[in-house]
Amino acid sequence: MARFWSSGLGGLLARQGILVAFALFMIGFTLANHRFLDPDNIMGVVRSSAILGVMALGVTFVVISGNLDLSVGSMMSFSTIVVLDLHDRIGPALAIPAMFAMTLVLGAIIGFLVGYLKLNSLIVTLGMLSAIHGLTLTYSGGKNMDIADKEGTWFSVFGQGEILGFPVPILIFLALAAFLGIVLARTPFGRKVYAVGGNGVAATFSGIRRARVVFATYLISSACVATAGLLQASRSLGSQNTVGQGMELEVLAAVILGGASLLGGSGTIFKTVIGVLILGFIQNGLLLVGLQFYAQYVVTWIIIILAVWLDIAAKRGRLWSPIA
Amino acid sequence: MSGQQAPVLRLEGIVKTFPGVRALDGVSFSVQPGEVHALMGENGAGKSTLMKVLGGIHQPDEGRILIDEKPVVMASPLDAKAKGIVFIHQELSLARELSVAENVFLGELPRKAFGLVDWKKLNDDCAAILEKLRVRFTPQTRVGDLSIANQQMVEIARALVHEAKAVIFDEPTASLTDAEKVVLFDVIADLKTHGVGIIYISHRMEEIFRITDRISVLRDGTYRGTLVTAETTEEEITQQMIGRKLDLTRNIRPVETGDVALEVRGLACGDLFQDISFKVHKGEVVGFYGLVGAGRTEIAETLFGLRTPTAGSIHLDGNEVTIESPVDAIRLGISLVPENRKEQGLVLSMNCRDNMTLPQVDDLTAGPFVSDGAEVAIFDQYRDRLDIKTPGWRQLAGNLSGGNQQKIVIGKWLSMKPEVLIVDEPTRGIDVGSKSEIHNLIRDLAAHGYAVIVISSEMPEVLHVSDRVIAMYSGRITKEFTAAEITEDKLIQAISGLNGSSGKDAA
Amino acid sequence: MDNAKLKNRLKYGAIWGFIAFELIFFTVAGEYLSLSDKVFLDLDNMMLLFKQSAPIGIIALGMTIIMINGNIDLSVGATFALSAIVLLDSMTWPVFAGLGDWVIPVSWLLALLTGVVLGAVNGLIVWKTGVDAFIVTLGSMLGYRGLVFMYHGEQPTSHLNWTLVDFAEASFLGIHTPTWFLLAVAVAMWFLMTRTVHGRNAYAVGDNREAAVNAGIRVGPHILVNFMLIGFLAALSAVVFYSESGSVNPNDGELYELWAITAVVLGGTKLTGGSGSIVSTFGGVIAIQLLRKGLGHIGADTETVNLVIGVILIAVLFLDRQLNIKGREELKT
Amino acid sequence: AEYKIGITQNNVGVDSYQTTYEKAFIEAADANSDVEAVVLDAGGDVARQIAQIEDLIQQDVNAIIIWPTNGEAVIPAVRKASKAGIPVVVTNSNIAEAGFPFVKAFSGPDNITQGSRAAEIMCDKFKSMGIDKTAQIVQISGQPGYTTAIERAKGFEDRLPQVCPDVKLVETQPGDWNREKSQKVMEAFLVKYDKIDGVYAGDDNMGVGALNAAKAAGRDGIIFVGATNFAVGYEAMERGEYWGSIYQSPVDDAKAALKTAVDILEGKDVPFFNYFDTPKITQDNMKDFTKPVF
């Protein structure tokens, strides 16, 4: 077994286990339904993954710094509802920055609680999940939000527009991924995020302002959520209060599927993008194959575990865990 | 202890590779019953790896293990334990939230019916062991509340739980002070008379000559031979270990007092330490010596902005400063090599280079980005200077040997070119060659006008590098010596308090 | 030593202080806001409180050992639902037709067995693959839910057995049947965690897994047993609850994992493992149920309930931290 | 006040129908000086709902209105209320027959009928287009496990073959009452099936999600039929993109429930089933209906 992992193929697996897993799924689904690789379908999957993807980019920062963010789904509902409501009141040009500001305030609150007060992020964001949901309901009075003039607004460009044949949401997702990927991999700030997540005490001993770094990761996360809310609102020009509900676990699954460790200190933006695409293609592929939704649940379970297993098996160089 | 008896333990042709590293390359050696067998080698030579193979933690790629001349397979730590191998680890391997007794008997708590813990037996058995170790804590103490040295004693207590065939001590004294060392050596002597084979890993020559019978030497994962302790010399051993002669001559230098770089007046922090006043001049090395728990680490942490003083003031170059965080300290030119490399010094999941440049990553930039070239340059410089053994800068810090990890931490803070450098137990777990290199580095820094504080529990080290030594007892400075007036006796007297009992560490 | 004891008290004390605060607050606020003539602290109401805490409480007690172990189980809600289906459906299986009411214990056993098996699947995967428990159970949360739906599609599974309902609704010594189960589980778990070798090993494994491995604890099987235990308790919770209600929707038990985890963390158990206490988890469970009940008592609407629960969670955490601060001398990391 | 009435609702935060219902209920209760209402929400959790019923019994309310999370699981709790002499009214979606002896009345829409009406709307439209022999349709159903979702799907699936035996329902997937989710589901349908003539959605939110997917993919000419006419659906009908739905007002729903409870408390004779009418609404007759407020 040890031999295998140091051979050429094994080496590839070890470095890019998750990519290999991705390739295998794609081949499997294509065999099952030839339309799977249809360019329109692929474009469609990427486009509808873009919203989840944008949120996952932000959560990647949070997870690498050793925390969790379960509030993103509920926060996304908030952004969507707010921007839709403000669109008709103050116009899109003001609504968008206003919505971003409000969402960033929520992110700052979480960042303050987790970073500066050092409260446990799972519980803080779980609490915020609930509190923000309450806030959204209060804001909207429980009603759906819809833009009155759906045809006449340029607001739809973010969710529905195209540039050179590419849907704008995909472009925004990829541009943001590239930007944040570089921030994480190449800047001093990115380095600090890894250090804080890898060993917070050692980071403090190295003169890193840990609280500030954690605070910043939640700001980034909330900025991503606001972007996702914008895409969502612009895509459908109307929304329910529950639009993002439950997405927090999907987002987390994508980030982890990409190989980020919940203990912090590891993961990359590139891998998260792969994780997002895997989730998107699994859902789409299973729909195309025509499985009942509950069979999809079971298959998704198996695929998630296989993918992560393959990834860590490659990293440790053996299939089975060494734990006795 | 010669070869007429059958060896209790024998390793033959052990090979172990990690990705990119051939950690062991055909190592063979054997241990007689009742023998203390030293295993020596530079940092990263493969000592711990060899012992982990023996302890069932790693599986060897090739080679075999024999106990009482019968080949065995050590499938797991449990398996090794069942076959009579007790392993005292280099890195503390304790559950901090549990009591001392539970840690000593971890994995084999005495049971009553229905899987209940027999608390009475547990605590009694543990108390008996602790008594042999002459420690001042009880079986019920939470391990997390103990000092590192006492935690190390808890590890050592595990060796006495069983009738073992062989006991492995992997650098047990790295964080012990002399008093506890004496106890440990008594324990080892006792095991010896019971015919137990003992493998003893240490970088400290005086211990090797004091307690071992034979010495096997590893270099770069290969076996270099076995020496009989009584018939060899320090020079011969180091020759074997590093393949060249080492100049161990003492390096005493006249005190050249520059301006005062750091002055501390009446500093106190709760009941951790009180009334601390001292000066460190430019170009001077000041040693802090004291028993474990004397409060030296806490002073260093306060100077580095990690604790808030409750009284007193700190002055740098004659100006009073407030240091509220390590960020402030670093900005003011203070560096701290912390006591605990795994918890405080390193991000184990990060590579060696990134660890080394972490405190200055903001300055190593080209535009908005971290400059690869600048980082690698720093890493290469200190790797060469400190002789760090790693396949490359991409190796994760967690995969380095203990000594090499320590060197990364030292490199990290030396590369900051600090005005005031504080090093807390700087050579814990460092091999002889590198140790003298680090000592030279410290002297060298001082010669360039830096002020250096060395906190160490090793008397030879303190004596060797310091221009002045400050002795502490129970949170207070008891005495200050210049290099000229110091003797071992005076020092011991100064750190042991008046009535001979240390109050603080009694927990 | 006294100081250490005090510290320990405070560490787990926040939750009891919070419960006291809730009781006082809802009693006072209830005077002004509630329509009810009955006071909040009415004995019957408090007995109901315990009873209503049972479904999530039993699961939370099991979650405590999982979390002390340094793991987590997100699939308990789905396990709860699947065990409930087996419980109710098996009572109608033709093989058991001849048993009369004796089918009840048989169905109970089958349901409990289901829970144990589902827990074992999680435990085995965690053990054998080394994949983090969070991911494994995040997956099986989905997968087990899929199994739930496969059983009966989207239809609820129902079987009202009035003998069973009467038993479940009964009370003995003034204490409801579900409360007895909750108390029994709490005592048993407390005993397990403080008195048995397995319980102490659970702390060691969570505290320092490597040390536990080195010390020869068989960490894999140990974890497996704990997952089987929580599977069992999730099933027991289903048995207790569905004996009384007799019908299970395929999405029942959703979010139970989050509530259970919340109760455990409110009780002071650290997510990183190694420390925690059953008694405090019990406090956490009571605190949550009290909050829900109290908010209903004073007539808060849905928005407010969501807001308040969120804010309270954070507030308790904050309180807990304040109580645990060591003072100025603390190392600032 | 004379009557203290407690209500425990299914899951208020989950959609605007339920929120509007809650608001309307509170308004109606405020408007009636004889009534004071204790308004609770089970958050979709049956255990919480049962606890709330117990609490209401313990508080000695005069009547309990329940919007069941599960039509059977609440039966024993309802029995308790009835044993305590408190009349129980079921609202919006009914409980199972085994529970009928313990409740006084049901008030709400008839979801089975709604499903069949939707089938009729769809079928009539196909006939007028002349494609009722060849049409293929897909269904996007509500949240799995919810009675309303199940009953609407059942009504639709039972009725369709009776009126349009040649129309083929090729696939059903749940959209979880969620616009975004059903948009995704529809996207996959569009890739998978070249020919889709109609979409039946369990409510208009999901219907509009499907419509958005079709518009994005440039697939015209699909007939969308929903249920519970939401404002979005109404607007889409105005634009001529969405064919029809079932008009159901949460305000009517809430008022009917409260009135039934009050009538019972006042000793009036109340029929067991109190369905309020949920008529068909299509582009043709939408002028007769006011735009929904939710």
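Going in written order, the chains are labelled A, B, C and D, and every chain counts its residues from 1.
Here is the rule we use: a contact is a pair of C-beta atoms (placed from the backbone, for glycine too) under 8 Å apart; a residue touches a chain by one contact, two chains touch by 3 or more.
Molecules present, by chain and UniProt name: A = Ribose ABC transporter permease; B = Ribose ABC transporter ATP-binding protein; C = Ribose ABC transporter.
Keep in mind the model is a prediction, meaning the values are calculated, not measured.
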Chain D and chain B - chains in contact with each: A, C
Most distant chain from chain B, judged by the mean position of its C-alpha atoms: D
Between chain B and chain C, centroid-to-centroid distance (C-alpha), Å: 44
Mean-CA-position distance for chain D and chain A (Å): 33
Centre-of-Cα separation between chain C and chain A, whole angstrom: 29
Shared-contact residues (touching 2 or more other chains) in chain B: 76-78, 306, 325
Interface hub residues of chain D, defined as touching at least two other chains: 12-13, 19, 22, 144, 174
Sites on chain C at which at least two other chains make contact: 149, 213, 218, 302-303, 305-306, 332-333
Chain-to-chain touches, reported pairwise for every pair that qualifies: A-B, A-C, A-D, B-C, C-D
Chain C to chain D touching residues, read off their complex: 34-38, 42, 44-45, 48, 51-52, 55-56, 149, 154-156, 158, 160, 165, 168-169, 241-242, 244-252, 254-255, 289, 292-293, 296-297, 299, 301-303, 305-306
Touching residues on chain A, where the partner in the complex is chain C: 113, 117-120, 122-124, 126-135, 137-138, 142, 200-201, 204-205, 210, 249, 252-253, 256, 261-262, 292-298, 300-302, 304-305, 308-309, 312-313, 316, 320-324
Residues on chain B engaged by chain A in the complex (per definition of touch): 19, 61, 75-78, 304, 306, 325-327, 329-330, 336, 338, 343-350, 354, 358-359, 361-362, 364-365, 368-370, 412
List of chain C residues in touch with chain A within their complex: 125, 127-132, 134-136, 138-140, 142-150, 213, 218-220, 258, 261-262, 265-266, 271, 302-314, 317-318, 321, 332-333
Chain A residues touching chain D - in the complex, by the definition given at the top: 33, 35, 38, 40-41, 44, 48, 133, 137, 141-144, 146, 150, 160, 232, 235-236, 238-243, 245, 283-284, 287-288, 290, 293-294
